[in-house]
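Two complexes follow with chain A in common, the first pairing it with chain B and the second with chain C.
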Partner chain A sequence: MASTQRAVSPGAALLRSSRLFSMPSPIAPPPGYMSQATKHKSETATAAFPTHLTVTTPSASRMVGDWGFKRPLPLKTTTKSTFPLVRVKKVDSIEHVTDFQSASDHTITLEKFREMNMSFSVPVPKEMMLNPTLISVFEDGRDFTTPAPSNLKGAMGPRSDGDPLKLRWKFRGPWLAGMTDGEFDRYISKSVRARRSEFRQFLRERLAAQKTADRNSSIAEQDLNTPQTAIPAVKAEEITEEDLLEYTRGLRGDRHELFNLVSKFLDLAPVSNADSALAPGMLGHYMPDKKYDLYRDSPYAADGPPITHPSAGLSYLRTQNFMENHPLYGPQQKHASIKARIVTPRFGVTNQNPKIGVNGFIANIPAVETSFSNRRRNDSSAVSSRDAIPGLNDFDPSQLGGSKVYVQVQTANVDATGKVQLRLLDRDPETDIVQKETVGEFDTFAHAVKEASQPTPKFQVPSGERKYMPNRKFGSAPNYGLGGSSLRDF
Partner chain B sequence: MPPRIPFLSAFKQPATSSFFRSQACQFSQQAPLQASTSHSRSAAMSPPPPASSMLNLDSSSKRGGQDATEGVSSIFDDFRSKRRTQTPDGERKVVGELRGKNISEDYMRQMPRRWREGDLYAPHDLSEVEAAKWRKMTSVQRDLVDLLGLRPLDMYANFSVVSEYMTPHGRIRKRMQTGLTPKNQRKIAKMVRRSVALGIHPSVHRHPELLMRSGHMTPQQTQAVGKFGNFI
Partner chain C sequence: MIIREFGVRHGRKVLAAAAPLRRGQQQCLRALSTETSGTPVATADPAVEAALQTNPENPSPVPSLFARDWETAQQLRRNLMPVGTKVEHRYSPNDVFRNPPGPKDVTLELLMASQAHMGHHASVWNPANARYIFGIREGIHIISLEQTAAHLRRAARVVEEVAYHGGLILFVGTRPGQTQIVTQAARLAKACHLFTKWTPGTITNSDKILPGIPVEIVDELDRPVGPAFNQHLMDRRALVPDLVVCLNPLENFTMLRECSQANVPTIGIIDTNTEPTWVTYAIPANDDSLRCLAVIGSVLGRAGEQGQKRRMEDAKNGKVTWETPSEIKQFMEIQQKRARWSKRAAEEEAAATSGGGGPNGQSSTTPPKSSDRSYGRTPSTNRDGTPIFHADEALAELQMEVDLVNAEEDVSPQLRNTPRRGD
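What follows is the complex of A and B.
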């Protein structure tokens, strides 16, 4: 277009293409939940997502401090790091300095995340966590923000499991379940109260449409020959004040219908109806002889819609259903395990769920019973979680660099505060060993030799505990239960 | 329940003396070690014929009774050692575990940050500099009255709230500590004064009912630790 390619002076063109002017303004910081309202916090902790642009420069320019800004950045602080990554908070502050800090935290985390080949999926409700059907956030029926007819067509497909309008991830109104009382009061007084007359008009239109439908159906019942198009529709202007008052009174007794109307008018994000709509105790809130459209919850109803696109721009992969190939062992059933850090063990000063740090993202242990779960402490079998994952229950100071565990990540999704939630799976010992061998932490051959040369333990089941112990070996295939000594003798 | 004694050993030695001996062993550190050495010795010896020991029940201590006693006590020790495994130093396994737990807890006290799912961390976040920041008490940055939509003047009877905005000496907390806006700070101050004036809240210290429960409310991280830690 001609208007955008307007001729500018050389000086202006230079300025426009310069780094100084091409810096985008920072996005809003992560909603700090309540962290700002607490007494224990850190200003310098890594934020949940980056808000500023990361700037880099060629190494030759870095050596002279040239990052493309008004003044060179100090060499002492910018030349030590391996990668030149800087975030500039203010190009020119009032003290005549460039306010910058290292941006390697977010940038390297992004790089590590990309290495995981993770795909983002629509959140799965808790009751389906055991065997979830993962749907990519980029699917046509999910990745839309406005209720346009073309979008609805995709959403209304055979696998549609809810109100197609509620499957989108962006809403104009807030998510009520995630607001504090103060925020809710402010929202009502600032945004909602001023729209009362507009809402009355909205109700008039609804009532007019309802009346038209009622009249049409009654006429159709009486006389089949009259075409419905011949009858003029009831207009909103024809609705009298008395009619509207009567309708409003009826709505007050019908909470379900009222919430539907209000949430449609304000375009509220869906809230979970698991407790209200289908619970037997709430049946009193439904009008008798009336048809209700009860949908399953929107995927974002339980924890709120994300503040960004549900992929957060971190990954554009649609699925993880691809096979990795190993140079020796061939195609692998599972993806390579990821070495993760046990950031918080189970029993610290305060007991809590252990937290696993996967490539810079904190993740919970799987919600279902896995090898991460807390087993009985006096479990005599060799596979209690304490032995299986050292450092998971208690902090292990003897581990240089902290305790690590190899994990399998199933999927990722973005929550209402823009944080990335990784869903971990149970560990797969075979995959772990393959990965350990690949990175040189494990020698499979030496391990096999050691295992074969060990004497077979005597078979004895303690009288008190007669149970099936699958991981205990009382003999092995090569020695046919004869023990290691016999192998050496023959 | 006394240990089950096999048939042969029962005739070797009066059961009472061996039982008391092994009971005494339970509380001494050295005795099990001796018993385990004597066990191998007694296993090598052949048992005396049962009929002869039946005849010499009262004088059994003279003729080979020592070995038989040790034999019985070793059976009891065998039975017992399955539950209490020992390290070569003679220390019980449980003791070592508890000591390790104390050490872990001491380390965990140095890492006060409560991580939430989805938090990001870089190497810097695991450093001691950052840990010190999370341990320090800072002022609240957000106005809790606005955030929670409270009406302070209606809450003068709620001594938990009143106590939150008072120092232990009964003074009203200042704005630096409460993090309130001037408007809400005035309301909160009025709430405290009203509560004290009505005699609902003491003017010199915290409310006694809160003091009564303060043991449960003290965060574990700031609780005193005994000389040997919490676990041993």
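What follows is the complex of A and C.
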């Protein structure tokens, strides 16, 4: 390869290897809302993902404004942050200024995300939310973009629960469920309409294959001794116009088959079939006496395929299944809890599910019943989440810097708009305490001493409504009548 | 614990070294030692112990342990220096000022590292610069590094030769941040510098703008000639530079215009949006990056330094590379004529006195001192009639001076105008 390269001047060779020339061109910004007027959009909000390269500089150069670009960047705005991080949108503009802004938002977020040791998994369908099987996006059966036979082999492994072709994350065609009317019309007129004759040929080949299969099966039924390979297959050229017309008419009545053919021809991204074909009311759409391949939804059917690789390059870990070791307490069953912000409480300006900010990413509370849930729990402790997580339901103005909560993150995935979605688990008080002690927010020993030195509260016969009693202890010596005068209390 | 005892050990040593100890210090030492965890503090040095035990009334001389420790540390450092990690020199923004690169150090790598190749936004270009432009990247024009290097070397050669021929060079950079660059270049090349606004008319209307600017006359070894030319200096016009180096031609269009009117050659850094015909010698480069300007400025400064060095060496060997300005020659001729006349008048007066004649009116003029080495000698002819000027480092702004140089002491004097030092 090197010999075929054109010889260039020394200056050109230098420039080619320069840092300015190796800056990647910016990627497309995150897709905006379809209707800007009805959505709240913040100008200062951090974009869902970075589009420009982040540039840094040594501290000595930063003090003189030298970032390696056309002109020194102004010291007033670039020397105040702890880390020198800048994204340059325009090296020079018509106004003779360098258009730049701080890139701390995305870069520090990436740093924090890496500290979480998070792995990316394929999105879990809603019906499996409770006990999901997490599959890494880097598994062979998932991480492919073209339907090559070698890729399909991995996809057809022991646990193939979908159309292997649809397990891909990248498709040539669009995701129809996410298109607006205008976009759909444009797609039909620009891309689809011109391919009519191509589609006819595609149908011809399908019909020929179908005819071959039918003939083979009928021959096999009549005469078992005739090998099927002896009979030549029906070729696409042998299909007449009348046959094709008949086949097309038949397809019009068979929506399932038609959609399969169209989506295969256009390589459409999968759409959810939960509402259409598989629904019980839709059984009338199926042709009688015909075999259908019914698969479960593709993981990307519900929300659309991701616009990047499903890991977005944020993490290359395949699994969370490793054990952390604590210097005092030894190996830990769960990963260290992460201190997160309660960004939006439940009963704030709007009554909605609370939002948790985990290391710069907004996460929803778990969809299943957890300590984050609003309802009272029915177990004996009878602790409502209102007490368990202060600030989760109502905004707590007394907390300096806002209310915080320690959370456990199970996995992450990238959605169709390029946002990172974190899946939170229920809190684990023990893990929280271990982490709090590690960062110096809690003294386990002092807490234990304090607890042990407190007198055992008297046992009271529950009367009427059960009340929540903190520090209530059952099963101590006085309660069992071993401590002397406790019997009198009964 | 360990740290504290460590501190106590060393603290005792240090305090002991500052003998004689006062009572308070001893208490302080004691307090320090009682604060430790009880581990006995070993005082290996008997001198320290002696110092601690010494009665403050009759102090005994204690060797300076401080100095000895320092010597030991230095010895250790010298021994351990080559051991372990090799410390390499890393880039520092001040390198270009600590060790300014010269014309020999101009490489494409240096120019690229100092962002010389970054032109302006492609839409604001001046098409006259098309031959310097390599292409477009990131929306800006990329200046060809080879072109920059070639033009920079040529400009350095011009500066060097002008300095060699005793010309007056002026470095101009009026943007914020260019002060250090311009002053450094001027210091190296023994030139003048300008880092504030160019007063319009400083060349074309210098009689009004620069009246009475101090000027002195030096000989070929840059030595001031003395007060003999004071009368000439009083009605002398302000100097005009022989070469102007401009770091930001865009803002100094007026100055470049005046230079072209006065036939002064100019060197300018031409970015892709600048008109290259404004200057005589263009250096296509990025004029916004201070790093690039510092490199170019120091290269030109070093070139000037080299030229000055060559000129001084030749002058010591009796070779003078420039000629006396015509005004000075004219003045000297007049002075010589006056000297002859007054001499003749004196002779005639003496003859008349001896023969009974009266004194001549010419005797009232002040004759030059015959002891002055500049007088009574035939000045050499000037080559083109324009004075060849010589820059001086210590002059801020545009202070013009004149200097007079004797080329060959015994044959004919060469005198030159220079901006006077220290003014």
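FYI, the second predicted complex is superposed on the first by the 444 of 490 C-alpha atoms of A that agree within 3 Å, B and C clash if a C-alpha of one lies under 4 Å from a C-alpha of the other, contacts with A are read in each partner's own complex, and residues count from 1 in each chain.
To be clear about the criterion, a contact is a pair of C-beta atoms (placed from the backbone, for glycine too) under 8 Å apart; a residue touches a chain by one contact, two chains touch by 3 or more.
This structure is a prediction, so every number in the text was calculated from the model and none was measured.
Undergrad: Could you look at A:V343 and tell me whether it touches chain B, chain C, both or neither (first, second, both, neither)?
TA: The answer is first: A:V343 touches chain B but not chain C.
Undergrad: Looking at A:R195 after the superposition, I want to know if it touches chain B, chain C, both of them or none. Which is it: first, second, both, neither?
TA: neither
Undergrad: First (chain B), second (chain C), both or neither: which does A:A12 touch?
TA: The second partner, chain C, only.
Undergrad: Look at the residues of chain A and decide whether chain B or chain C touches more of them.
TA: Of chain B and chain C, the partner in contact with more residues of chain A is B.
Undergrad: For A:I94 in the superposed arrangement: first (chain B), second (chain C), both or neither?
TA: Only chain C; A:I94 stays clear of chain B.
Undergrad: Which partner chains sit in contact with A:I108 here, chain B, chain C, both or neither? Use first/second/both/neither.
TA: A:I108 contacts chain B only, not chain C.
Undergrad: Scan A:R172 for contacts with chain B and chain C and give back first, second, both or neither.
TA: After superposition on chain A, A:R172 lies in contact with neither partner.
Undergrad: Please work out whether A:P72 is in contact with chain B alone, chain C alone, both, or neither, and reply first, second, both or neither.
TA: The answer is second: A:P72 touches chain C but not chain B.
Undergrad: Could you pull out which chain C residues touch chain A in their complex?
TA: Within the complex, chain C touches chain A at residues 91-94, 108-109, 112, 115, 117-121, 123-124, 134, 137-140, 142, 144-146, 149, 177, 286, 288-291.
Undergrad: Once bound in the complex, which stretches of chain A touch chain C?
TA: Answer in residue numbers: 9-12, 14-15, 18, 20-21, 23, 58, 60-61, 63-66, 68-72, 90-94, 96.
Undergrad: Enumerate the contact residues on chain A facing chain B in the complex.
TA: Residue positions touching the partner: 34, 36-49, 104-106, 108-109, 180-185, 343-345, 347-350, 352, 355, 357, 360-364, 394-397, 402, 415, 417, 419-421, 462.
Undergrad: In their complex, what parts of chain B are in touch with chain A?
TA: For chain B paired with chain A, touching residues are 82, 100-101, 103-105, 107-109, 111-122, 124-126, 130, 133-142, 144-150, 179, 219-221.
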